[in-house]
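What follows are several structures.
Both complexes below contain chain A, partnered by chain B and then by chain C.
Then we have the complex of A and B:
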C-alpha cells in the first residue's frame, strides 16, 4: 500500500458514527400513511386553530397533483409515502413539559451523550435551546429572558396558537405552499420546528439554537422553521443535528423560512451530522431540505453558513431573495462526503433590488465513493442595477473513486452589475503533505491540517459554539486554528 | 414544427427525393422516429435551457425544402489568399472534387448515424440532411494551403429549411487548416442545421476557423462532434457577429492520451441577436488537456449564453481542464447567461473555470478620455482590446487579418 493509499484509508476509516444509539421510550404514533386523516390528526394533536388545518389541507390537495423532482444528481429508491409515520411524540410528554425537571430521564441521557447544552450548568453561556425530540419540543430555555426584550422564541405549534397574526402573515410567504413537491409535503404534514420573532431595533443578546434529532424508526421529520427579523434587528440562529444509527432510510424534509425587514440581519448556521449510512452505503438519512431567506427590506442581510457532513443524501439549496435595495446575501458552505454519501447542495441568489450584493463560498470535499455536487444560481434581474456577486466553489478529491461536480447557473441581465464566478478542483498535493510530514506531523494530522485549511474560510463564519463541533466533524483534531 | 402530422408528410416526400443515398434511407427513418418521440425542444428541457432554438422553432410551422438548380457562385466572396475552395450553395456541395497531395474532398457519403439522447435536433438533421462535404487527409500529409469552406445562401433559394451533414477525417500525423464562412444574400426566414463529424487519428492536427457573420431572421444550429486519438490536437476559433439566432454545440471526446482540444469564441452581438454556445469536453484518457475561452461583447437587446462542461472520467488522471468566459454588457437590456459546469471523477486533476460579466471599466474610459479620446472611441478601443485577446491566439496570419478587419469594420459602423 503506497503512502497516499494509506492516507486515504485512514481518512475513510475516520471514526465510526459515535452518536449512533437508540433511546428506548414509548411513542404514540399515528397509523402509517399520508392522508387527510393523518393531517387532521397532526393538527388536532398540535391543538391548532382551524385556519392552520385549512392551510395544511390546501397544501395536501396541491400535493396530489405534484410529482417528485428528478433533476438532481443523486438518485434514490422510490419513497413509499404511505409507509411512513408522519407524527410521533414522546408519550410521556403528552401534555408537554412544564419545566426541565419533567424531562424523561432517557431523553436527558441522550442529550447528555450528544453534549447538548440543555441543562443550565452544562450550557455554554448565552445559548437558549429549543430541542426537538422527534417531533415535539421538549423544552425551551431562556424563554423568560428573551421575553423581557420582546423576542419570541418558541415552537411553531405554540406560535400558531399564541401569535397567529405573525404566523398567518409570514408562514408560506417565502416558500409558497405550491413551491415544489417536498416543500408542499412539508406544508401539509409539518410537525414541529422553531418560531423566532425579533422586534424592531432589538439585537438578540444570545445565539438561538435548536438541536434536531431523529429518533423513532420510520418517522419522517418535517420541521418548519420561521424566523422574522423586524426592522433594524439582529439574530444569530444555530441549527445542529445528530441522529442515531438505523438501517432503514429515513426521510427528512424540512422547510426553513427567513424574513429580514429593513435594516435587519439574520445569521443562520447549520452543522449537520446525521447518520450517513454504513461503509457499504446501507442506511442513512435522506435530507431534502428547502431553506430560503427573503431580504424583504432595504439594507437587510441574510447569511447562511453550513457544514454538511452527514446524511446519505443531502439535497438542499439555502437561498436568498434580495428584494430590498442594498440588501446582502451570503452563503458559506462546507460539504464533506465519504463512503457512499451523496451531496447535491448550493445556493440561489436572486438579485431584485438595486445595489444588492451576494457572496458565495462553497467547499466540497469528496472521499471514498462519494459524489459531491455544487449546484447554484445567481440571477441578476434587469432592475437590480449596481449589483455585485462573487462566487467561489472549490472541490477537493480524496481518492480516485469519488466525484466532484460544479453546476452553476449565472444570469446577468443588466450592464451595471458585476458577476464573477470561479471554481477549482484539486487533490491534496504531495508537496503539501511532504512539507507537513517533514515537520513531524503524522499523515492523518497532515491531511487534517490541509483539509482544515481548505475549509477555513467557511469555518471562520461559524459562531464559537459551533466551530468546536464543526472542527470535530471535519474529522480531525485541529488546535486553535478555527474560531 | 410542432405539427407532427404535417412534418410526417413532409418527411414522406423528402425521403423519396432523387439525391438521397438509398443506403441512408433506413437510418433517416430511424432518426425521424426518434425526433417524433422526443418532440420539439422546449426551454423546460435542461439540454435546451437558454436556447434560442426553443423559441424560434415555433415560427417554422411550415417547413419547406427546396433544391436550387442554379450552381453559379459569385466570386467576389472568394478570399484573396491561396486556398482550396469548397463551395456549398444552399447546403449542397457544388464545387468539384479535390484529389491532390493526400487530400480528398468529396460529397458526404456516410450512411450510419449515431444518436444523442437529449438532442432531437440532431435526429432532425439526420432525417432531413442534404449531403455536404467530406474531407479526408492521408497519413503524414501536411496540407500547406488552408481549405476554405463557403456556406453560401443565395436569394433565389425558395425553401426555408436547410440541413446538411459533413465529415472531416485526418489520418495519422497529418495536419490541416480549415476556414469556414457563412454568406447570406437576403433576409428571408431560414432554419439551418449543420452537422459536422470530426475524427482525428494519432498525432493529427486540425485547426478550424469559423466566421459566422451578420444575418437576419436566420435560425442556425451548428453541431460538431469531434473524436481525438492519442497526441492529436484540435483547435477551433469562432467569430460570431450579429447572428440573429444561433446555437453552437460542440462535443469533443478526448479518447487518447495527450490529446488536446482548444475551443475559442468571440461573440459580438447587437440588436436582438441571441447566440448560444454549448460545449462539452469529455476527458476519457490520461494526460488529456482542454481549454475553453469565450469573450462576448453585448449591445442593445442582445443575449449571449454559454454552457461549457468539462467531464473527467475516473481513468483520466492528470487531466488539465481550463475554461473562461467573460462578457461585457454594453446596454441595460443585454443579457449574459452562463452555466460553466464541471463533472469530475478523478482525483489527480487540475480543473478550473471562471466566468464574469459586467460593464466597461469606467476608470479605463477615464484614462483614455483624459488623453483626448472621445467616449465612443474610447469604448470601441476597450471592446477591441477585450475581444482581440482571442484573435491574438489565431496562428494563421490570413485568418487573423480577416478577424481583425471584421472587428475594425464593426467598430467603424
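Then we have the complex of A and C:
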C-alpha cells in the first residue's frame, strides 16, 4: 500500500458519520407526490394567508412547463417527484411552534446529541438558533431579546403570518419564481427556513443561526430562507446541516435570498455536513441549493463563506448581484469530497453598479474516488465602470483516483474594469507526508495539518463558534493560534 | 545507541544498500563520505523508515530492532533526520509546524504539551542562537526559503525536538561560511554523552568544526573504509579513487 492509499484508507475508516442516527418520532399523515393537493396541504399546515398559497400555486403551474437541468458534472438517477413526500412534521408539533419548554423531549434530545442545546441558558450567549426539523421550525431561541432592538428572527412560516408586508415585498425578489427548475420547485413546496430582518442602523449583536436536520425517510427538504438587512445594518448568519444515514438518496433543495440595502452588510456562513453516503457511494443527500444575494443598495456588502464536507452531491453557486454602486461581494469556499462524493460548486458575481468589487477564494479538496468541480461566473456589465474582481481557485488532491476541475466563465463588458483569475492544482505528496511523519506526526495529523494549511484563508472567515465545528469536521486543528 | 547489521535496502527493485554494518555508541559522532549516488541518502531514509524503502537485516536502536516501526514511531523514539532537501509545505506556517511537531513528540514521550506562549518563548531562544529571523518562522514551511535558510531551519527543528540519534544529510551544502559556523556551533552545543550523530557530508571543512570520532568511506552501498578524522583529510587530498573499484 502506498502512503497515499493508506491515508485514503484512514480517512475512510475515520469518517464514520457521527450524526447518522434517526430520531424515532410519530409524524403526521401527509399526501404523497407533487400535486396541488400537496401544496394546499403544506400551506394549510403553515396556516398561511391566501396570497401565499396563490404564490405557491403560481410557481407550481410554471413548473409544469420546466425541465430539470442536466448540464452539471455530477449526474444522478432521475428523481421520481411523485414518489416523494414534501412535508414531514412531528405529531407533537401539530399546533404550531411552542415555547421552548414545551418542545417534544425527543427532539430536544436530538439537538442535544448534535451539540445544539435549545435551552437558551445552555447556549453560547452570542448565538441565537432557529432549529428546523424536517419541514418545520421547532424552536427559535433569543427571539424576544432580539425583538427589543427591532431584529426579527423567526421561521419563514411565522413571517408569512406575522410580517406579510416584508415577505410580500422581498420573497422571490432575488431568485425569481421561474429562475430555474429547482428554484421553482422550491417556490411551490417550500416548507421551512429562517426569516431575518435587521432594521436600519442596527448591528445585530448576536450570531443568528439555523440548524437544519433531515430526519424522515423519503422526504425532500425544501428550505426557504430570507434575510433582509436594511440601511446601514449588519448581520452575521450561520447555518448547519446534518441527516441520518440512509441507503436511499434524499433531496434537500433550498432557496436562500439575501437583500442588503444601502450601506448594509450580510455575512452568511454555512457548515454543510449532510450525510455523504457510505464508502461504496450508497445513500447520502442531494444538496441542490440556490443561494443568491442582492447588494441592492449603494456601499452594501454580502459575503458568503461555505465549508461543504457532506452530501452525496453538492450542487450550488451562492451568488452576488452587485447592483448598488460601490457594493462588494465575497465568496469563500472549502469543498471536501471523499469516497464517491461529488461537488459542482462555485459562485456568480454579477457586476452591475459602478466601482463594484468581488473576491472569490475557492479551495477544493478531493480524496478517494471523489470528484470536485469549481464552476464560477464573473460578469461585468457595460455600466459597471471601475469594477474589480479577483478569483483564486485552488484544488488539492489526495490520492490518484479523485478528480478536480475548474470551470471559470468570465464576461467583461467594461474596459475600465479588471478581472483577475488564478488557479492551482496540487497534490499531497508522499515526500510531504514523510517529512511531517519524520517530525513525529502520524499520517492523519500530517494530512490534517496540510489540508488545514491549504484552506486556512477560508476557515479564518468563519465566526468562532463555527470555526470550531468546521475544524473538527475537516479533522484539523486551526492555525493562527501561534505566529 | 545504534547497531546496524547486514542492512540491505532496495527501492523499486533496485538494490542500493548492499550489506551495511555500522555500530554507533552513545555520545559518538560518525561521518560518512562517499561519491554521488553511492546510497548515503538512501541509508538516511531507511534508518528513518521511509515507505518504499524495502529493508532487510537489522537496525537495532537502544537494543530494539526498529525495522518494522513506521516513520513517526521512530521519530517519536528520538531518531531525527536533517534532510538533504527539506520539503516545502505551502499554507502551513513554520511556527505552527514546529509547535505541532514538538507537541506530537512530547506527547509520545509522555511529556506535557506546550501552550502558545511557552512555545514562542522556547522557539525565540533557539532561533536566536541560530540567527534565524523570526519573520522566517511566520512564512509557510520552507516555501521560498533560500537553500541556507532551509538547512538552518532543519537545525532549529533538531534543537527543539532534542532527539537522541541525529542523521544530518549534507547539512553543510548550501551554507555560507558564517552559517556553517553557526550551524556547527548549534550541533556542538547539542553533543552529549547521551546523543549520537551520523553526519553525511562531501566536505572535510565541516569536520573541522564538528570533530567526528569516526569517518567512513561509503561506496556502492557499503562501507569500504573506516578511520578517524584524518581519513577525511586524506579524502580531501586524494579523492575516492583509492577506495572505489
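The working rule: the second predicted complex is superposed on the first by the 468 of 483 C-alpha atoms of A that agree within 3 Å, B and C clash if a C-alpha of one lies under 4 Å from a C-alpha of the other, contacts with A are read in each partner's own complex, and residues count from 1 in each chain.
Criterion: a contact is a pair of C-beta atoms (placed from the backbone, for glycine too) under 8 Å apart; a residue touches a chain by one contact, two chains touch by 3 or more.
Fair warning: this is a prediction, and the values are worked out from it, not measured in the lab.
Of the two partner chains, neither chain B nor chain C is touched by A:172. In the superposition on chain A, contact is made by A:435 with chain C only, not with chain B. After overlaying the two complexes on the shared chain, residue contacts for A:426 are found with chain B and with chain C alike. Within the superposed three-chain model, A:402 lies in touch with chain B and out of touch with chain C [touch as defined at top].
In the superposed model, A:364 lies in contact with neither chain B nor chain C. Legend: residue contacts after superposition of the two complexes on their common chain; A:283 is shown touching neither chain B nor chain C. When the two complexes are overlaid on their common chain A, residue A:450 makes contact with chain C while staying clear of chain B. Looking at the shared chain after the overlay, A:324 reaches neither chain B nor chain C. With the contact threshold set out at the top, residues 426 of chain A are in contact with chain B in one structure and with chain C in the other.
Interface residues of chain A facing chain C in the complex, by the touch rule stated above, are 2-3, 426, 429-432, 434-443, 445, 449-450, 452-456, 477, 479-483.
Per the touch definition, chain A reaches chain B in the complex via residues 71, 382, 385, 395, 397-427.
By the touch criterion stated above, chain C contacts chain A in their complex at residues 48, 50-52, 70-72, 75-76, 80-81, 83, 86-87, 89-97, 99-101, 104-105, 108, 116, 119-120, 137-138, 140, 157, 161.
By the touch criterion stated above, chain B contacts chain A in their complex at residues 46, 314, 317, 327, 329-359.
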